[in-house]
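Chain lettering (A, B, C and D) follows the sequence in which the chains are written, and residue indices restart at 1 in each chain.
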Amino acid sequence: MANANKKARGLIEGRPALIVIDIQASTFADDSAVRSIDNMPGYADRMLASRQLIDAARGADIPVIFIQEIHRADLVDFGRELDGDEDVHCLDTNPNTEIAKKEMGFVDGDYVIQKRRYSAFYGTDLEILLKGLKAETLILCGGLTDVCVHYTFVDGHQGDYFCRVVEDCVAGSSTEAHGAALKAMEYLQSGAVRGLDETLIAMAG
Amino acid sequence: MANANKKARGLIEGRPALIVIDIQASTFADDSAVRSIDNMPGYADRMLASRQLIDAARGADIPVIFIQEIHRADLVDFGRELDGDEDVHCLDTNPNTEIAKKEMGFVDGDYVIQKRRYSAFYGTDLEILLKGLKAETLILCGGLTDVCVHYTFVDGHQGDYFCRVVEDCVAGSSTEAHGAALKAMEYLQSGAVRGLDETLIAMAG
Amino acid sequence: MANANKKARGLIEGRPALIVIDIQASTFADDSAVRSIDNMPGYADRMLASRQLIDAARGADIPVIFIQEIHRADLVDFGRELDGDEDVHCLDTNPNTEIAKKEMGFVDGDYVIQKRRYSAFYGTDLEILLKGLKAETLILCGGLTDVCVHYTFVDGHQGDYFCRVVEDCVAGSSTEAHGAALKAMEYLQSGAVRGLDETLIAMAG
Amino acid sequence: MANANKKARGLIEGRPALIVIDIQASTFADDSAVRSIDNMPGYADRMLASRQLIDAARGADIPVIFIQEIHRADLVDFGRELDGDEDVHCLDTNPNTEIAKKEMGFVDGDYVIQKRRYSAFYGTDLEILLKGLKAETLILCGGLTDVCVHYTFVDGHQGDYFCRVVEDCVAGSSTEAHGAALKAMEYLQSGAVRGLDETLIAMAG
């Protein structure tokens, strides 16, 4: 199908913000055999690649927003999240729920948004922060491609943001689900799925 | 992966509501060669199959909520929707934007929720209506599986509703995208994807 | 108290939009002795004065957005609204629930937002429309000053909009409640409460 | 006016939750001459009275939710809050922004909701938590009566919660604004404004 009304868009339109989704200490803890959430092969390496985006953002004065999935230890806020494939995860009493500060080069004063659901917009102050930053383009990295990244993209899209996802820096619950989610995001905004190299160039520009 | 904390759930938990998504006159207009939104083969037949759910709901006093995608004719509310695969669609000046009333057996007094975005929860009074109905299980049919159905499911899921999607009564932008979206919904709630027959039985029960 | 960080603001900052709240046919129906919602003296005249704002907006290409309180006739969406001073109101089966089109000079194509609650932002697409219009200043008129105007102002304020209320063109459930609500809005944004004449001048400017 | 459809309601309907709004260390710091936000006489004593509600809630297994106003130190999330009477307040770098833990008898594991705006629902996970708790009645105390308490009440009201405000345990920016806000809340739900003694009895019942 041809969308005759589609406008050409740059990788970055207006002011950008980098959204780092759920890269937490648990990602790099050596317990991969007993994960509460499935991961595709190469997961940790793709998360580590996000560090290049973070460093580039700092160099270009692009705000970095870390999203942290976190649940109350009495399980009161899981809603329907335990009715599916995911087991109990990201309890606020577990040290591995912390942002992966060392690997990501986190510094004091960095923006952190805690969330209870998959979308980083749902029940959080992300929209307040983005309005304050006057951000128009959201550059997404982190995981899972097919859950928190996908659904954050959708809410950003519905909220009129230009949304980009860096395919080298996201990973899914499976390789298949990762690929399907990338296609779904590309359906919503043409040119949404981008490579790391071109993104680094655009951020520097 | 095993989610050891997963509870067994019935097809219907608590009070149900049937959510009929974007089955509009345009679906049955004979202009399939020039659609503004791509459809998978068999699309119209799958939409027609939804009529069985609607009739069953009426017979069991289950509320039926028709969701209608509609955009202002000056295009002011399209947001980023024209940045992707979809062209201009569902203008409020186009008679084909109307609910497919005849095919769906629409009657005066039926609930209609108009929406500007993909999720039926986004910028609408759906949550107000569901609270008023004290609905706990949302049974979804309509289209597109991979866009409005999927993202309505996600918001319902995040809002603590039991969500079910009747696979015989939804259709996607492509067969592949349809299948991937069904898998994504099943990931969120095990037993979310259901057949028409078992759903009709549960509704009658 | 001195707020040393307060910035001087114009009556209009950025692009404005005129928000006409709940001026419906019932306001001008001759049944004032049996109102379902109390009104202060001079109510109808203050609503009529809003017409000057509407005409000025059209002359200056400022978008006009009519807000319409409307409830489903089966009462399903009243929530807690019947637990207080207000009786059943604004049913969608009552012709007086229609916008006061003649008195307000309504024309086809004008924006209408239907709402189920007091705030025009709650469960509606108002934010979607305002983003599409790139509006930054909301000029409010209509009623009730202390209910729908006040709480729409609050949500606009919380959503980073510059909010103005034209005191000659709003009216409350009582004169006292009207005055208290104006003070509350002025507390939130200094210079929020404005006269009709100065507003007309600013809109023309 | 008579609302013939008003139902008699108990002080507590369904499951309650106690919402303690913005009782932070700054309330009890001895810097009242230079407050960034005006307070009515007796403010601190009224906040201290909230402790009785908290103790009663613990004794009756009613969940206690502490709301904490907090802003990022770079001022990015103040929105329009500095355009009115309030100066810079509640920075996350200021120790006085902490919950008044000692005075309120805060214990580890208590629920805390951080907010950037006046309403405790705006940009927070309060609704997620309340759904998890299956709470239906919100008992409000804290400050300011005319700002954060009032606007939290309004959003709770709009979200179908039974809302109660304990007049002995709230305080406003001025005595007049406090009284006007109580009237506004009573307008929304009859019997919303309650005394401390009757509330303690209802909580124990």
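Miscellaneous remarks
Note that a residue touches a chain if its C-beta (ideal position, glycine included) is under 8 Å from a C-beta of that chain, and two chains touch if they have at least 3 such contacts.
Everything numeric in this text was worked out from a predicted model, so none of it was measured.
For the remaining chains after leaving out chain A, touch-based grouping gives one piece. Graph distance from chain A to chain D, where chains that touch are one step apart, equals 1. Placing every chain at the mean of its C-alpha atoms, the farthest one from chain B is found to be D. With centres taken as mean Cα positions, chain D sits 27 Å from chain C.
The centroid of the Cα atoms in chain A and the matching centroid in chain C are 38 Å apart. The set of chain C residues that touch two or more partner chains comprises 79, 117, 131-132, 159-160.
Put simply, chain B touches chain C in their complex at residues 72-74, 76-79, 109, 111, 115-117, 123-125, 127-129, 131-133.
Residues of chain B touching chain A in their complex: 1-7, 9, 35-38, 79-80, 82-88, 117-119, 122, 146-147, 150-151, 154-155, 157-163, 173, 176-177, 180-181, 183-184, 186-190, 192.
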